[in-house]
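One structure coming up, written as structure tokens, with questions to follow.
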């Protein structure tokens, strides 16, 4: 079990929004214990006739949640995250994209000082099939198994999860770190959790160009990880200096290139797939 | 051993000041391992021909300190404390008085988030006879023994320590919390440490009027402390609403009166001495 | 009266008009108004006004310190009648003339230090305009603000839900709270309080009063205020200006000791021995002959029948104190009995100095206490 | 050239004169100066001046973008010669006219995001005025600032000791750093950089240049700037204004996918199959037919020979995308081949819609990649 299991009680901040309500429905279908929704001014009503809606996280604490999904517009994310942190929730998942990076920087720092895990901003969340899901990964792509996947991407994660599932394997935990420049978890953080997790036998890292998250992870794997690790890196063909879609994929200051990441993984004995669909093959080798 | 022992390595921020240099000398005489002094712009010189002086805490880290004594003027205390916190020192003792309470509030909060202990501001520090001393308590009043003393006062602490020593007993640890409204430790914090400490058999709390530190401690003692606890409370004769010397001794909002503290201790079975000199008698009963 | 009715030395209680100046600066809405110290400064009336004595004690309204005026003549009369008068023993030297508000509802809000939480606390209530102590607990919203996270809107939303504010008022209230927290932090306040916070008939939130109490330890980074604590005696104000922690009491034994705790313990012990202290004076943590001499100067001004000096030497060394006592005795030609107790650092040297100058010194506190209660 | 020479979409690079306006506002000393967009706005000369083209690329000096003037005629000539010219392909529309500084020494200082530390980093050097990349590592001071503690003077003292500043310069430097950190935080900057930070002959520190790069995600709490990224093509700028993450490439296959990672993976796969993508276009995490239609509009403007749509449905549902494709094909009368891959949420429904409209859809990515590389 990594971070969440079937006993994890989740609240949704922004449950009445377009995204919030859709994904709350999907989480409930997956089996996630969504114990309350927060929507200021709408307290007293219910979501889907069963999940109580309250005005604040503080009110929601009566349902003893330990995690939150934040799906509020970017300008309000810092306030919502601080509300979750101040109330002592242990997992804070931020769905929202376009959060100012300095807000993310403060949220991540304040959370880490209190032993709180931040997922995102701008990531797909976490799924432990079929214990619990916090986030927006499609329900139907999972199968229970021994492959742990950590990714900096959203849809690309689904692509790889689905490929693993269709190849007859299954997943122990899938974590989306978030696509922004500043997010709560690094590959090293999740490698530590995966290495300890009894259910996980094999690990997939889905990286991107930009930053040095992959290089640091490769170094860590060499020294500390005994389980099999394979990887995929998106953006290998990107021309230097062209930003691909979100800020996480900048090639900055000459580090963070696909070449440097491929080299680091090669040195750590981590095979890197050419296509997302090749991941299952590498896992079975 | 509580907080410090003979292996504790101490630096002094503001070692070249009047107070800093005097008390560094006294600490060295006591046997404290003072490994470096910090005085911006004076790096490269030595204190008393033996303690290296450096320009910053960061430079001082080469001597592997785990504690600091801060003796800089009040306007510079926050900066000095943040420097110590940022460098990961585990004990931050602030000698200085008249530190703005909001600075203290921030220092204490940031330290506690990082598992760092703050002593003071405006307190006499900590002494573990004859392992180590960080602070300004006079060297000659101590004797090794089994009495742990925690106090909100300065000189009154010495008075009681000396009385204990002269009565033929001795001290395991003496901690001055600090006399300001906002200080790093509460009586409950030190009671936890004293209760765990093997050397400590008996505990003295030296309180003052103002705040509810004593009341909370009494409640905690009732529930969790098995060792003998006795107390003294200064300011029992103070007319309500008259501030006695420092901000820690305000009677505010009707709580924190001597009566409420005496009542709380009585309920917890903690005997309170009429005179500081009566403490040894109560300890021996 | 406010939540915090006891603030002493080390704390600066601002006049309402000063508090409102600060509020204005931080964007908190306050009534239009101006302050005068003479009737000549009164401007022509355009709206009905409130005329408010600027004094530092609560209960001003009940004591007749607030008047109202609808004509120029009424205004001048009100200003004349208030200036120079005494409200609860304090002379009014300034009055604040403000547009009257059309009051729909009165709220209460404050941010103050919570000592045990070592954090600021937000306090708010829909029952404002009265002494907050009279409001039942279940009508008061209280919430600790984590100093590391600071104030954030979610706290204001909790308060606003508790108080039952309409969406529009809630929006104004959240904006005001953010600014009030900025005042609290930006001005190193002990307390910022608005009581009443008025909802006007046209739905605006306006700070009808302003109580701002500043931490005087933080004065080095703020403007200076010329304010005397109205609860201090002239001698206490004099001592404060010289940097001593000094409180006048009603007895006849002058007391000089070092450390607030030890000084309090000395007074406690005196009283248990039927001795009556004339004052509290803490020498503080310095080691300087002049500080001792000047302490005697202050204590003598209170005309005690004897003086007790109780020193446990640490930072303050006994020989320094002894030298100060000897110098003071000569300088002020002291005839009343001086009883001295010296213990700690350099106590032998100290007692030797005193002995050479014919002053007896004890090494223990209790015998000194006993002696001084029997010396006259 | 600066430490950060690659900043793209989502980031706003301010002109020097804008950066200096911000510096001035925060109390950071900058040279006296003003900006003109025509020679008529030039004022009478009082001091020798530098005349600086306002463009967003480095290496301006070397490229002839900075001139100097000591007389009114020289000034007018300089302004005339710079305005409207191209410096490294960028047309100069504004020039900054500034008093020349008497330079004793040039330093470097910046605060920028350190991604791996998830914190700001202070960078400083006594070797300023040159490209910071050319300064040896051991001459560069680098230090992470804990976002929870913020900037504090001890960090500045470390830098100042490292740089060997005199006590007087150090004092000015510490004051400047505090303000520079305020700019960094207060303006939601990605980077604030002063290069050179000039020590004048009379011992003053002055920011001779100003580079401020803002996080465009934080624009909602800041003033608007009208700046176009000089490295973007007209089509990329158009896409940006419509809210798409879009990059032009030099191939012939238009690409529409969802999610930055999957879109990159699609381009990577195309290239490994010898297909040449014409663009990067990420639909983002929305579920809206119009967004798909408008994406086709953009891609068609780049005149590709075929279009590949690669969707893994999650937030974005496959049937929505299918409907968008059908609508776009009709609306723009698309004749070139469209190859679609739909997988995930509502993929059956999506493929059904496409089938009904005569468009074939794959459920796997690799066959779609293979097909599109062979379709023309």
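Lettered A, B, C and D in written order, each chain numbered from 1.
Methods note: a residue touches a chain if its C-beta (ideal position, glycine included) is under 8 Å from a C-beta of that chain, and two chains touch if they have at least 3 such contacts.
Note that the coordinates shown come from a computational prediction; the quantities given were computed from them, not determined experimentally.
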item	value
Shared interface partners, meaning chains that touch chain A and chain C	B
Distance in touch steps, counted as few as possible, from chain C out to chain D	2
Euclidean distance of C-alpha centroids - chain B vs chain C, Å	27
Interchain centroid distance [CA atoms averaged], chain A/chain B, Å	45
Approximate Å spacing (C-alpha centroids) for the pair chain B, chain D	52
For chain C, residues contacting two or more additional chains	146, 148
For chain A, residues contacting two or more additional chains	110, 113
Category of the chain touch graph - line, ring, star, complete, other	other
Interchain contacts (touch definition) - all pairs	A-B, A-C, A-D, B-C, B-D
Of all residues in chain D, those that touch chain B in their complex	146, 148-149, 152-154, 157-158, 161, 167
Chain A residues within the chain C interface of the complex	40-41, 43, 55-58, 76, 78-80, 82-83, 85-86, 110, 113
Of chain B, residues touching chain A in the complex	113-114
Chain A residues touching chain D - in the complex, by the definition given at the top	19, 22, 74-75, 97-106, 108-110, 113, 124, 136-138, 140-141, 151-159, 162, 179, 181-182, 186, 206, 208-209, 211-213, 216, 232, 234-253, 274-277
Chain C residues within the chain B interface of the complex	3-11, 113, 115-116, 118-120, 146-148, 185, 188, 190, 215, 217-218, 220-221, 231, 245, 247, 249, 257-265, 267-272, 280, 282, 284-285, 312-316, 343-345, 364-366
